[in-house]
Amino acid sequence: MRSSPRVTVWNEYVNERTKPEVAKIYPKGMHEAIAQHLRSEGLAVRTATLDQPEHGLADDVLAETDVLIWLGHTAHDKVKDEIVDKVHRRILNGMGLIPLHSSHHSKIFRKLMGTSGDLKWREADERERIWVVAPGHPIVAGLPPYFEIPAEEMYGEYFDIPAPDKLVLISWFQGGEVFRSGCCFYRGRGKVFYFRPGHETYPTYYQPEVLRVIANAVHWSAPVAGPEIGHAWQAPLEQLQHETTS
Amino acid sequence: MRSSPRVTVWNEYVNERTKPEVAKIYPKGMHEAIAQHLRSEGLAVRTATLDQPEHGLADDVLAETDVLIWLGHTAHDKVKDEIVDKVHRRILNGMGLIPLHSSHHSKIFRKLMGTSGDLKWREADERERIWVVAPGHPIVAGLPPYFEIPAEEMYGEYFDIPAPDKLVLISWFQGGEVFRSGCCFYRGRGKVFYFRPGHETYPTYYQPEVLRVIANAVHWSAPVAGPEIGHAWQAPLEQLQHETTS
Amino acid sequence: MRSSPRVTVWNEYVNERTKPEVAKIYPKGMHEAIAQHLRSEGLAVRTATLDQPEHGLADDVLAETDVLIWLGHTAHDKVKDEIVDKVHRRILNGMGLIPLHSSHHSKIFRKLMGTSGDLKWREADERERIWVVAPGHPIVAGLPPYFEIPAEEMYGEYFDIPAPDKLVLISWFQGGEVFRSGCCFYRGRGKVFYFRPGHETYPTYYQPEVLRVIANAVHWSAPVAGPEIGHAWQAPLEQLQHETTS
Amino acid sequence: MRSSPRVTVWNEYVNERTKPEVAKIYPKGMHEAIAQHLRSEGLAVRTATLDQPEHGLADDVLAETDVLIWLGHTAHDKVKDEIVDKVHRRILNGMGLIPLHSSHHSKIFRKLMGTSGDLKWREADERERIWVVAPGHPIVAGLPPYFEIPAEEMYGEYFDIPAPDKLVLISWFQGGEVFRSGCCFYRGRGKVFYFRPGHETYPTYYQPEVLRVIANAVHWSAPVAGPEIGHAWQAPLEQLQHETTS
């Protein structure tokens, strides 16, 4: 357990380089917008992108990462299975994961959930209002009862995930849908927080409440010094008697 | 929703044909012991094994199966990925799954859980006592507060699974361990019940309480006529206004 | 476990007798609208009201009730504590409870939850859209992905309840709120399903989807023959050795 | 959210003053053993006992308490209902609660749980082995996969509590029982951690692993600056249109 978790923000970093309207909002990529905020809160943050060797997630990077933030969208299939497997093992061994928005369909999120990650969606510049349903949870520290995002992509139920270990946020959409937007999962020694907002054509990752949730989630999902896990034969801890009980 | 679920009992069916001490207990295979009991309760049951074409799980079989019972042990790796993928999709679309004992390491269970399924284990002819911790759950109908299995393999924590949606049974072992032995999971439209007992060198699948749990789990995990799920664009259900709220 | 649960629909039955606009919709009371539907599905249903001796919930009535549906609104405080205590004990011992709508503030629901049951509310004739978030759960059998109630009272988060053991339905409201509308709780040997809709000035309890949910919940919450529970000294089940482990 | 939660350790403080064998182990009371350890970790700790005015829990004390540790055993009924109600409200508004051992039958725990808190018990100087089943949870930081208490009172299932929001620890007992020993609950804005060990005739509250769990639980259950909660009418957040959707 560290007082200050070491964060890696991973981004496929495709739309920001191919779509001018996205580049205008996130000139250095969505990952840099998030990284910059987390650095301003005193965290040690590095970034990694799809086009780097090993997608920027070499063994030493993963070993030095306490919490991995994941931004995938149009290039999920380009992420190599062997990297996904390494990230998966690292999470089960304690690393936190924060999959954002369209990462609901990323290989790593689907692998961790065991479900499809499917949902309903629509891009219609509509208002999203995010409600807190777990007011005692550390991820909502500093939030009001709800906050609004003026325009976002819609994600609607049924969202095909296991029921979260803790459901923290539910979204309301102008067009008539609801969505489980902030979801905590424990997996192995690791913790996962899925957070919905962040379509690339909106300045969502500059909004203070959104950044607050992400920063809180970094602290919540950071590793704790819990016991080792694994598969093993175990010697009896008690003397085995082979009589029948009376 | 059918009044009487159609069951398929799948078994890798290896140990019963290679180890005389197992064949002696289960001369027709563990799957037949279970199938016979379920038939005696009036259920329509078929069986399938690893060595059959498509492991006995062709599309028409899966389509006509409401609940699949799974017995894998030494041959998990022999199960083809494409069959696992088909079973996985069928479960997310409503089929029940009951992975028994060593199926904690089967491909299908690991894929559904998103975790390793690792645990501690020992074969030492020791007593297991299984305690009910959810006395209002349909899977424990007809059970006493606890029941004993005179000799079993030990499985101990930490069992690397997501926290069950409902924890129903906890095992005590003579050698000093505990284990979450009866675990309900909802995944997509499907339901999964992991049940621990059943090492092949013991007559566990002839014990009435064990069979009672399996039969109850068949009824619990059978499909219900819930709504369709899937990934799709969705038109707005409300007229979208694009003014700002006051 | 009975194939056909015996239902008692309890209603404070005040508004229907004092407010003409309510009497017009529910001339025999809201309880009779619900009871009539359940009878049409073949269930044995009786009703009980606040003004009857012991509120219509004498010991023999409770003993013969498998599932109790509860409709309280303006007269929560008129319900005697001793009756609440008896109902509470009966639920912990296996009886199902289905508190509807404004029963979120009933004595029995608050006592079972351990929280305030507080929420946000508004009467503004607005549309409610109820989304299924657990498509494999028996309570949603026969439902589409969502259904609408043309006009209802609004209930909004934060709803002060423990996180449900299973969250089944989430409501969207026209005015901008969301609400956990269908919530399953296990308590002792009993099961509780809170269901939101049903303000007395709307014909909500004649709507087929609403009645379908209530009927499904009756079957889900009916008692199962699980083990007895209670507080007791227990003799050792194993021979106690008082040496130290090595 | 404070970096260092302010703790109050409440004890009925009866057995330590009436039973010499208890006084010998805890000469200043069990509360002082716990308080002393927490102070050694740098926490601000006060104590309160049943025989003080308002049981030592006057409004200003509660207002300045972030986490309340509760030790009740033989005098549950002596705790005044009005104090219980105040503690309850304070918890729903954010204060953490750590009920220890026999506090499973305290008024405040039963009120928060909505169940009886009943269990099986036995005093037989037997070994307890406590297993971690949530290796990523902050309450197990610094723990090995299991730890043993050489002699303790036995508590066995069925423990009549709602399923914990997170089950962290399960106990094995020499005499053949299991018990959910470390249980996290969210209630309102507050968090509750029930922890089983601590019979007064054993030096359990001097054992490092036990103290580690309690200290970790103090940090986990401390208030966060989440949104206010309460019951209120709410104005529409969106302009309400009263046309029907097409």
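To keep things simple, chains are lettered A, B, C and D as they appear, and every chain counts its residues starting from 1.
Just so it is clear, a contact is a pair of C-beta atoms (placed from the backbone, for glycine too) under 8 Å apart; a residue touches a chain by one contact, two chains touch by 3 or more.
In this text the structure is predicted, and so the values were computed from the model without any measurement.
Undergrad: Using each chain's Cα centroid, which is most distant from the centroid of subunit B?
TA: D
Undergrad: Same or different interface residues for subunit C and subunit D, judged by whether over half of the residue numbers are used by both?
TA: Same: most residue numbers at the subunit C-subunit D interface appear in both copies.
Undergrad: Need the CA-centroid distance for the pair subunit B / subunit D, whole Å please.
TA: The separation of the two C-alpha centroids amounts to 35 Å.
Undergrad: Roughly how far is subunit C from subunit D, going centre to centre by Cα mean, in whole Å?
TA: 29
Undergrad: Using mean CA coordinates as chain centres, what's the gap between subunit B and subunit C in Å?
TA: 31
Undergrad: Counting only residues that touch at least 2 other chains, which ones in subunit A make the list?
TA: 129, 132, 134-135, 145, 156, 158, 163, 165-166, 174, 176-177, 186-188, 227, 229, 237-238, 241, 245
Undergrad: Using the touch rule from the top, collect the residues of subunit A that touch subunit B in their complex.
TA: Touching subunit B from subunit A are residues 92, 111-116, 118-122, 124-127, 148, 150, 154, 156, 158, 160, 162-163, 165, 174-177, 185-188, 227, 229-238, 240-242, 244-245.
Undergrad: Which part of subunit C faces subunit B closely enough to touch in the complex?
TA: 1, 94, 129, 132, 134-138, 140-145, 165-166, 174, 186-191, 223-229, 237-238
Undergrad: Which bits of subunit C are touching subunit A when the two form their complex?
TA: Contact set of subunit C toward subunit A: 129, 131-135, 145-146, 156-159, 163, 166-167, 170-173, 176-178, 180, 237-239, 241, 245.
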